[in-house]
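Okay, so chain A shows up in both of these, paired with chain B first and chain C after.
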Partner chain A sequence: MIKYLLRQLLAWFIRIFLAINITYFVANIFLDPSANYVERRPPISPERIQQMLEPYNLSHNEPLLHRWWDWLTGVVTRWDWGLSPIGGSVNEQIAFRVGVSAQLMLGATIIAFIIGVALGVYSASRQYKLGDRVVQVASIIGLNTSIVVVALVVVFIAIQANRSLGWTLFFVTGSGSIGVEGFGPMLVDKLQHLVLPSICLIFISWASYTMLQRSLLLDNISADYVRTARAKGLPQAVAIRRHALRTSMIPVMVSFAFSIPGIFTGAMLSENIFAWNGMGRYMVTTIYGNDIHGAVAVAAFSSLMVAIGAVLSDLAVVWLDPRVRVN
Partner chain B sequence: MSDVLSMMPAAATPKIAGPGRRSHSRMRLYARRFRRNKPAVVGVAIFVLLVLVAVIGPRIARYSISEIDFLALAQPPGGTHWFGTNQTGLDLYAMTVHGLGRSMIIAVAVSLLTLLIASFLGALAAYMGGWVEKIILGVINFILVMPLFLLEALVAQKTGGNWLWLIVVLTAFGWMVMARVIWQLSTSIREREYIAAARYMGVRGVVVVFRHMIPNIGSLLVVQFTLGIVSTVMSETALSFLGFGIKIPDVSLGSMLIDGQSVLTTTPWAFFFPAGTMTLLTISVALMADGLRDALDPNSAAGGRA
Partner chain C sequence: MSQPILAVRDLNVTFPSEAGRVDAVRGVTFDLYPGSTLGIVGESGSGKSVTSLAIMGLLAQSAKISGSVSFDGKEILGLTDKEMSSIRGSGISMIFQDPLSSLTPVYTVGDQIVEALRLHTNLSKAQCWERAVDLLDKVGIPNPKVRAKSFPHEFSGGMRQRVVIAIAIANNPKVIIADEPTTALDVTIQAQVMELLAVARQETGAATILITHDMGLIAGMADDVLVMYAGKPIEHAPVMELFANPRMPYTIGLLGAMPKITGGDKAPLIPIKGNPPMLIDLPPGCPFAVRCPVPIDLCSQREPSLTPVDSEFDAEQVVPGEGVVDYHFAACHRSVEIDHGLINGAPVYPVPEHEYHGQFADMARNDRPVTLSVEHLTKTFPLIKGAVLKRRVGSVYAVNDISFDLHAAETLAIVGESGSGKTTSLLEVMSFDPKTEGAIKLGGVDVIHGGPAARRAHRRDIQMVFQDPAGALDPRLTVFDIIAEPLRAFGHDKSDIANRVAQLMEVTGLDPAQADRFPTAFSGGQRQRICIARALAPTPKIVALDEPVSALDVSIRAGVLNLLLDLQIKLELSYLFVSHDLSVVRHISDRVAVMYVGRFVEIGSTQEIFANPRHPYTEALLSAIPVPDPVIERSRSRIVLDGDLPSPTDDKPGCRFANRCPLFKTLSADQRSVCQQQTPPLTGTEGSDHLAACHYR
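Presenting the complex of A and B:
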């Protein structure tokens, strides 16, 4: 088991390493830090601009491969992700942003998965009844609405709610208020900020699990071994939970890994709408600021999220599926 | 061998007529199954309506998308400006119908191009097997780890809001998931007799892929195509909303939502018209895809009930 896990981790490490380096070169093609100085008055000569960028390892005076090697050795030996075109440390930026993004993504992903699977089981065990129809319609809406639309509608409703209450129940911007003291008030404040973006992320991501879980469970409910379990005298609910659900959960777990990039994109958009200073907002900032090193760090974070999701779903499959023996 | 070859055309001729007739009645079967699926019919109706709006809408608009009406800033919907105006005095009806058309063209083009690339690579991997399959799948799985949205944004922001370039970008970074699906579907038919027969007759690989494999998963490709439209509208919205996709002076439904955020409480119609149109578009296409899947899939549970 440990050996299998180590092999998986190594494979993911290589993939992430390659992905980050490719992103470094792509970012170098499409982002040009010297463009930040073009509009300056009085104008700065191109030579001067390149000179100014030199200490940040962004100057064209040095060949691209040199810059890449300097950057890579910095990352590998000192865990130094480089500097932005104005000299700010990328490490400092990601240090607090990773936490902010994680708060949003982790909770929402787990809740969406639980809701999704639960509703899938519910609607499969009531196939073609009213509950099933309602879940079906809701999941079509959830799957096919852009998170931008969802988030703005949620903001609109929250503002109306705040107005009619006369005090601020939901905060529509930021990840926390400044100057809140004590554990209780801080927790409440955190929740007031967290609840809206989480609702948006959950809204767009639960439905894919429901759809998959429902169709897989329907295939399994009529399987022989479930009928045997029923014939033994198990109630339908227990037969489904212990026998049908276990088998049909496996592909849902696999799909969980593939849903991570979508959740990352969703989190990125909701961070921008709700003004959370997480990795998603950082991505937009780095692209607009021609911050090559920052953009690569965002790429590293998103690849890492995919890897974590994939490894977790792998482990879950091993745990759920007695046929998978990894040694 | 030459005997066999000279016999082939004669033997094949009546069979060509056979599938032709059968596919005609099959079409009617599909249509009947599709019509029994009420949500799918509603989806088609909404979609056709939206296409008409996108085509005819701009012709009957009283204003162009860049024409500023200084006497009517932030006007609610009414007689002169049917959908109202935004805070700079632009006519929201003109922008919405133009944006709808723009989003539709991008979505259909990207989905079609994606389908072509994905079905070629997916079916090729399944047909060739061995190291070709390994390489293609390895590349696909690797690209899926890449931070695709970041790369899309990086490349798209450089193209300056040109919608043709946006099609190229979204296609280049969007074909992998579909290719995997098509590979999966194709592996299930590669062991069939007619593929083996074609192979033993010495038909070249590319021809087998295009003439025998792809047509046989055709019905599933149609479903993939419709689903691709939805996902493209979503990506285009995400890119344009962050300012990397369609930019002023051009307008898409996604780029219209940028304004929506700041004016939600003051001029909510500037958000609700484009957002509503977009949601109608994606949901109607999704309902169509659902209906098509049930109608075309021979193993579909709903097909049996219809």
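Presenting the complex of A and C:
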């Protein structure tokens, strides 16, 4: 098993390495930092622009392969992912923003997963009854609603609530207030900022887990071995929970593990709406700002997350399904 | 007589469906006494499984159940799921049909037995494990302590069914319901499981309900028999009485439609015409009337109820309010007139007439031309190891050096258990693969080494019919297109195709007017006829039949077998027939080859093989098949083989059958070493074509 894992990790390492380098060249083709200066008044000469970019390893004066080699040695030897076109450190940005994204998305994703699976189990065990229909309708609404719409409604309600209370219970923007000290007040402040974006994210993401879990569980509820379990004397609910759920959880867990990369970079819209400076927003910023090094670093981070998701899903499958343990 | 442990009265089950209300079970009534076995027989859709699930309370909630089921004196119909849960598994337990899917794949078998024990006892976990290991030992799992920690996928089908039985008897139930417990298993494994069921019954003293479509199993195991048709019990009698003197035409038909292992030559079977009815909006009258050979006007007006008829075997029963009645019930308006399969002196089912002529009919086998000759055919699959760098670590010998000749208008049956390589042999013959080891000659031309032109020219000479007609027909093509496809492939012109399709449909007993329908509009038997018509389209000389009737119900099966025999005579076809069902083989084939782990262990004429089997494996196979006659079935002794088929992964010398062989066990050490070290060749007495591969027979 450990041997298998190590082999997987090595394979993923090679894949990530290749992906990052390909991204570097693609980014260099599509993103041009000098374009940032074109509209400047008074205009700056192209030579001057290239000169300005030189210290950031972004100038066309140096051949692309040369720049690539400098960048790569920086990454490998100093873990330095380069500088933005205005000289900011990519490392610093990423370090800060990963934390922000994690705060925002981790909780929301896990809660959405738990709610989704629970409702999936609930509606599958009441197929075609009222509870099932209600959950079905709700999940169709959830699946088809844009986060922008949800955010508008949630923000509107929150502002109304704040007004009628006369003080700010929910913060509609930002990830934290400035000047709050001490663990208790910090936690309360964080929660006040987290509630609204979390509600929005949960609202749009729980339904896919419910749909998947419901259909998989329905496949398994009528399985022969669930009937055997009931014939042994397990009441229906227990038989479903013990015998059908575990086998039907396998694909849902895989889908959850693969949603991990989305945790960090998938929240562009919500981060923008609620003004959280997370990874999603950073990805958009780097592309608009022709920030080659930033964009490559985002891609690198995403591919690392995909790898982690894949390895976690492998582990989940092995944990849940003894049949794959043999090989 | 003591009180019945299970009493079912007027049980009715209906399901809602898109097409309307399905009356799946209509008025089932029976008593089950402690220690006795009730057999419920019927074809698919007759309501026998639904009856058992209704008793267990395991039907979908959409099912409407009425009537009464009392277990141990208490009414159990209408109990809540929770209340039923305390009865299920401890009072009434159940064994299901498909052992491959009836165990949860993600738990060890030990866990699954322990779970059953912990639900109904107060034993500690350690005690439960001990008892689970005991139970596994009792049902014949070798090395139970270690095997208890194995997962279901590490067991063979027969072993899994043993585990299911262990779970069923774990809490010493008073009633065991076995729903087709051996249908998914091979005959030798079926014999093992039936023996185990008998042991389990003795062990627990439980009453058993055996649900099956196999009259042979009923004959061997049941004390009383309930025959079901269209959701309704149509005959109910003690087993001896029922087999000796059935009084309802359907039961007579069912018994007559089965090919008999003890029977003689190719006399036609007696099929029941038509198909079982849909259970939606049943018209008034007897649902069997449209298929019945002796209907009267009353049959289509009023449905007969199950009433007592005269019994010949002292079978009487006290019925409250009515006194002593004969314990033989039949639901037929004319049951009084029916006696031993005769109605007013004439057989209920007239024997269909078949004409047996043709140029080969009286010709000796060796004078007929050889249509197919297979020499030293071997098929191996590589065993691969390694994830990145794949390397061959060995071979699976699926087919290992088989040779046979097939003459014109002759049927050679290849029989064997699943995994013996019989279907692979067939597919290899069909494939014409130039890489095949060995030689395949069609009409004397070697299609393996003869080049693409010879292969192309002889492709039409051999055609195939598959096991599952539902899967073998493209659901998007009309019947016309299906039958016309091979004709188009061989370049026939349009008008010729239209004529030929109509002709083929007529020959195979289909209505040419239905040529524009899709396969889903036909029943299983009709679909197999379409498959046969398609196979016959390019006028082949040989038809390869891979279990052509095993997916069909007994009453339908007889019609298809008769058709095959008919076509053979009319069209002078050679059949290469693969089956695990020896009674069908006995009925249809001229010669039999018995296959075991990729090799022929015996080959000879059907008469010879069935009368004087020489190889111990053939002997065991023949004895494992239940005979649908309670007198014979209960008096004969049976050879039950231990263990499962070995896997054909190596080609070491020695007899493959030695580890299961009953003869081997009686041999001296010197004789045994010969079995283990030398592969026995197929040999026979001088001039005989009955060959067997055994050193000591």
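Please note the rule applied: the second predicted complex is superposed on the first by the 315 of 327 C-alpha atoms of A that agree within 3 Å, B and C clash if a C-alpha of one lies under 4 Å from a C-alpha of the other, contacts with A are read in each partner's own complex, and residues count from 1 in each chain.
Please note the rule applied: a contact is a pair of C-beta atoms (placed from the backbone, for glycine too) under 8 Å apart; a residue touches a chain by one contact, two chains touch by 3 or more.
Treat the numbers as computed from the prediction; the structure is a model and nothing was measured.
J.: By the touch definition at the top of the document, which applies to A:T23: first (chain B), second (chain C), both, or neither?
T.: A:T23 sits against chain B, while chain C stays out of touch.
J.: First (chain B), second (chain C), both or neither: which does A:F156 touch?
T.: Only chain B; A:F156 stays clear of chain C.
J.: For the overlaid complexes, name the partner, chain B or chain C, with more touching residues on chain A.
T.: The larger set of chain A residues in touch belongs to B.
J.: If we overlay the two complexes on their shared chain A, which of chain B and chain C does A:L320 touch? Say first, second, both or neither.
T.: The second partner, chain C, only.
J.: For A:L165 in the superposed arrangement: first (chain B), second (chain C), both or neither?
T.: Neither chain B nor chain C is touched by A:L165.
J.: So, does A:I140 touch the first partner chain B, the second partner chain C, both, or neither?
T.: In the superposition, A:I140 touches chain B alone.
J.: Which holds for A:D224: it touches chain B only (first), chain C only (second), both, or neither?
T.: second
J.: Regarding the shared-chain residue A:R246, is it in contact with chain B (first), chain C (second), both, or neither?
T.: Only chain C; A:R246 stays clear of chain B.
J.: State the interface residues of chain B toward chain A in the complex, per the touch definition above.
T.: Within the complex, chain B contacts chain A at residues 39, 142, 144-151, 153-155, 157-158, 230, 233-234, 237-238, 241-244, 254, 257, 260-261, 264-265, 268, 271, 275, 278-279, 282-283, 285-287, 290, 301.
J.: Where on chain A is chain B touching in the complex?
T.: Going through chain A, the ones touching chain B are 15-16, 18-19, 22-23, 26-27, 30-31, 140-141, 143-149, 152-153, 155-156, 159, 218, 258, 261, 264-265, 268-269, 272-273, 283-284, 287-288, 295, 298-299, 302-303, 306-307.
J.: Show me the residue ranges of chain A that touch chain C in the complex, using the header's touch definition.
T.: 7, 223-236, 242-243, 246-247, 320-323
J.: Going by the contact rule set out above, which residues of chain C touch chain A in the complex?
T.: 56, 58, 81-82, 85-90, 93-94, 96, 98, 101-108, 115-116, 119-120, 151, 153, 164, 167-168, 387
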